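See the structures that follow.
What follows is a pair of complexes built around chain A, which joins chain B in one and chain C in the other.
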Partner chain A sequence: MVVPFDDYYSKLNTLIAAGETPDVFEISEYLAVEWGKKGVSMELSQPYEDRGVNLEDTYIAACLYGDEGNVYGITAGVTAILLFYNKDLFDAYDVPYPSSDPENPITWEEYVQTAQKLTRDSNGLCPLDEGFDTWDVTSYGTLTTTWTFSLTAFLYSANSGFFTSDGMGLDLGSDGAQKVLTEMSKLSTEYLCAPDSIISSSLPGNVQMFKDGMLAMAVEGSFMIGSYVTEGANFGIAPLPVFDTPATATWSAAYAISADTELADASLSLLEIIVGDTGSQYPSKIEDYEGENYDAWASALGLSESDQEWMKGYLNSSAAKVHEAVYVKNYSKILDEVISPEMSNLWAGDATPEQVASVTNEKSIGMFEGAYELLAN
Partner chain B sequence: MKKLLSLLVTIAMLASITTVSLAEDLPELTYLRWDSDPYTEEE
Partner chain C sequence: MSPRTGLQPVKRTRSAFAREQHRWGYIFIAPAIIGLIVLTAYPIIFSFIVGLSEWDIITPMNFVGLRNYIQMFTKDELIGKSLIVTVKYTLMSVPLSNAVALIMALLLNTSVKGRSVFRTVFYIPSILPVVASAALWMYLYNPMYGALNEFLKMLGMQKLGWIYDKDMVLPCMAVMSAWASGNTAVIYLAGLQGIPRHLYEAVEIDGGGAFAKTRVITLPMLSPVILYNLIIGVIGSMQTFTQGYIMTDGGPQNASLFYVLLLYRRAFKNMEMGYASAMAWLLFVIIAALTLINFGFSRYWVYSEGDN
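Right, the complex of A and B next:
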């Protein structure tokens, strides 16, 4: 059964309460391990072993969600946060494309400079030119990365995160996090290469802005590649700009099997089928990164050959780190109730990074429960 | 237990990535998923 996402957990919880947990079900990344530990989902390593399949030898570690060697969910592919760039605008202003080397992406400073060069007012002036009119911008160099899932990747790049790695506190007061929040805020307020929060809310979607020549760079999940291709945007992808170390965050919703299923073997077979359908997310299976398997998947995405090649290496580089949503316990509650409201104040210009760190630390006292030990960590 | 979805329907949804022989071998299962990508919507 396919359920609208907004109704999904209401439906699933009702079924579980009625003793009718679906044999196989989709589950958000932040719940996958928790529900396994609670006994709703089946531990998968042993039944796969019984079928002659070693999960760690078969799937990339970033796709296996569990704790202390147990696995409770497998993802149908993995999303990584990438930098999308508009080739039409880069070509029009003769600006070189961002580096596609996962080990040497463009630096944050280069990203800002590039975004400034590609931000133009109706007179063709950019923020680096005298007379640039911030109220008459026709194309923006980039957007402020406000979505927490994407922002986490930048925090990783500054050796930080929303959370400490042990899940026992917030890290927004660290030097790295403060630098990221400060620099991100400056994109609209000081570097003038991104719209402020009010203007942003009135702009069309990123893909449409690419097509209309209104946006040069956007930070997006790799799951958006399909939309850019389908809509006919002339785009390329690159590793994220770097603060201190190359980094991206990976995650995806997972698929689990009911611990109460009476059809375990058949459920495992179905699970294998489901997680093989990765769409425009990175493949789940190790063998799908090799030879013809990878070529077939990458070609189907519609990317240029050069992007296909570096993209493969990105997920298999040291830059790729599992998103803290997957392994920090009580992630969703702390994010929704404490972090997100204060981040909104930051982007609206109603709070400084220091105030965000201070307020979130205060409000989150007593909410931390630690972190799971993922295979990938 | 009331079945939410027969595997044959599931197999039809996943037609491009499965095989007929697999469909014939598997019994009826219940399978629940959501309809769209919440991340895409959030962005």
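Right, the complex of A and C next:
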């Protein structure tokens, strides 16, 4: 039976409540460790050790979700935030593609300038031209990165984050975070290379906009590569624009085994298949990030040869930092109830970055529970 | 023995046939009774118990007394925000839907040609699933490609944000609910057709016109139906969920964060079943109170047969 993703967690929770936890199940990144600590999912290091598999030697650290040396979930590869660009629009306006050097990605300033060059109204004018009509834009240079998962990667690039690394507070008041929020909100209000919050909400998906020539650059998770390939968009990928240091955020849903399983051995075997070579869309094993193994992965994914080249090792590099959703306790609740509403005010122009930092700090008092000690951190 | 007649009183006994009839009666209503107990009474009692507990489904329930309720009133500002959103929406959508439905019913009650066709056309939106009508209205309200903004553009006017504008989202959704008020219109129509013709004739004899007929006959005679639609409308609006969930996900800036949407998030996203159950009970109390208030005020404006 196939359960639609929208119903997946309702189904899973109901099964758990009924005492019928599936032997092997997928679990959201922000619940993976919590459920392990609560005894729903099995600790995996020891059972695999008993089978002769050392998890830390086999999988990249970013794929192992746990706490204090215990592992409760393994991800089927990691996804990372990347810059997708529309080759058709870059070619049409003779603008060079963004740098694909992971050590030297384009800077934020270059990103803004590129986006401005590629934003056009129906008269062919760009925001730098006199008479540019913001209400009649036919192609946008980029979009404001409002999705908190993507925005986290920019915050990392400014040596910041939504949360402090110990998960005991918010970091939105830091200089780095303030810089990111200020610059990001300027994309639609000052640089005029991104739609405002109202228009953004009503736009079609990014893939469709790429195909229709309506969007030049988008910040997306690497999990979207498949959709761009399938839909036939003429695209390339590049590392994210940099504020201070090259960075991206990695995460993925994890796979776990029920602590109550009566088929432990079979479940461990199945989990290995799911997160290993045959079940995973992205590499999760250390060996998959090397040589021909990686080439096979990247090629199967549909990446161009040049993108395959720069992506090699990127997801397992120092620029790739585990997303705070994975290790900050109570992440989802703090995000939904405190951060997201204030961020909406920021994108709508109803709050400044300073106000967002101040209000979120005030509202989040008493909600912090710390952070898990991931192997990757 | 009866002192006056000398007859022996007869003790009533059930015949075997009557007992058989009773037994079959219970058997026939058993599915409904079982359904009521299992699907209604049990969940109600269970949700009350859960509301007094902390429960994330995956770990055992932990009794916390009134903590969820105290938290709702003292710590959770989204509760107040979502209640304000829901009440605002109710204040917009219920009068608007009822006014549109009543006008629709009054028009459909006249002897126009093709009346049955109009009745069908007006009723169709109310049988559309909310999900489908939400998709339709999302297109109409789309600031980039929507028909409404295209129309404004044609008139040389500034485009609007519609449901993506925090100040417009609730009025937009209220208009959408009025569009789907065919059900209410049918109830009004049934009420209108139940008003005796001779009452209108009496007004005509007194020289009254259409306005007088509406004011002194139609509205008073229809007032019990208006009360019914008002109460059902308030109950339905206070439980609005789908529009906020599908069209705006509670946004922009929580401007369409309906109470039930917040409840849903608490239950199925944050896995706070205890807290969500407590929220459901608070909603039940609020709706019950509003219904009682409506009934209380009805004595001032609802005409019932036998009243002066």
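Definition applied: the second predicted complex is superposed on the first by the 368 of 377 C-alpha atoms of A that agree within 3 Å, B and C clash if a C-alpha of one lies under 4 Å from a C-alpha of the other, contacts with A are read in each partner's own complex, and residues count from 1 in each chain.
Note that contacts are C-beta pairs under 8 Å (C-beta built on N, C-alpha and C of every residue); 3 or more make two chains touch, one makes a residue touch a chain.
The structure presented is a predicted model; accordingly, all values stated were derived computationally and were not measured.
Ranked by how many residues of chain A each touches, chain B and chain C are led by B. Legend: residue contacts after superposition of the two complexes on their common chain; A:Trp135 is shown touching chain C, with no touch to chain B. When the two structures are aligned on the shared chain, A:Ile365 is found in touch with neither chain B nor chain C.
In the superposed model, A:Ala348 makes contact with chain C only, not with chain B. In the superposed model, A:Glu20 lies in contact with chain B only, and not with chain C. With the contact threshold set out at the top, not one residue of chain A is in contact with chain B in one structure and with chain C in the other. For chain A in complex with chain C, the residues that touch the partner chain are 9-10, 13-14, 16-17, 35, 38-40, 135, 197-199, 201-203, 332-333, 336-337, 341, 344-345, 348, 350, 363. Within the complex formed with chain A, the chain B residues making contact are 1-2, 4-5, 7, 10, 14, 16-18, 22, 25-27, 29-43. Interface residues of chain A, counted against chain B in their complex, comprise 1-5, 8, 11-12, 15, 19-20, 22-26, 28, 79, 147, 149, 205-206, 220-221, 223-224, 227, 255, 263, 266-267, 269-270, 273-274, 276-277.
Note for the complex: chain C touches chain A at residues 57-59, 77-78, 142-146, 159, 161, 164-166, 251-254, 265, 268-271.
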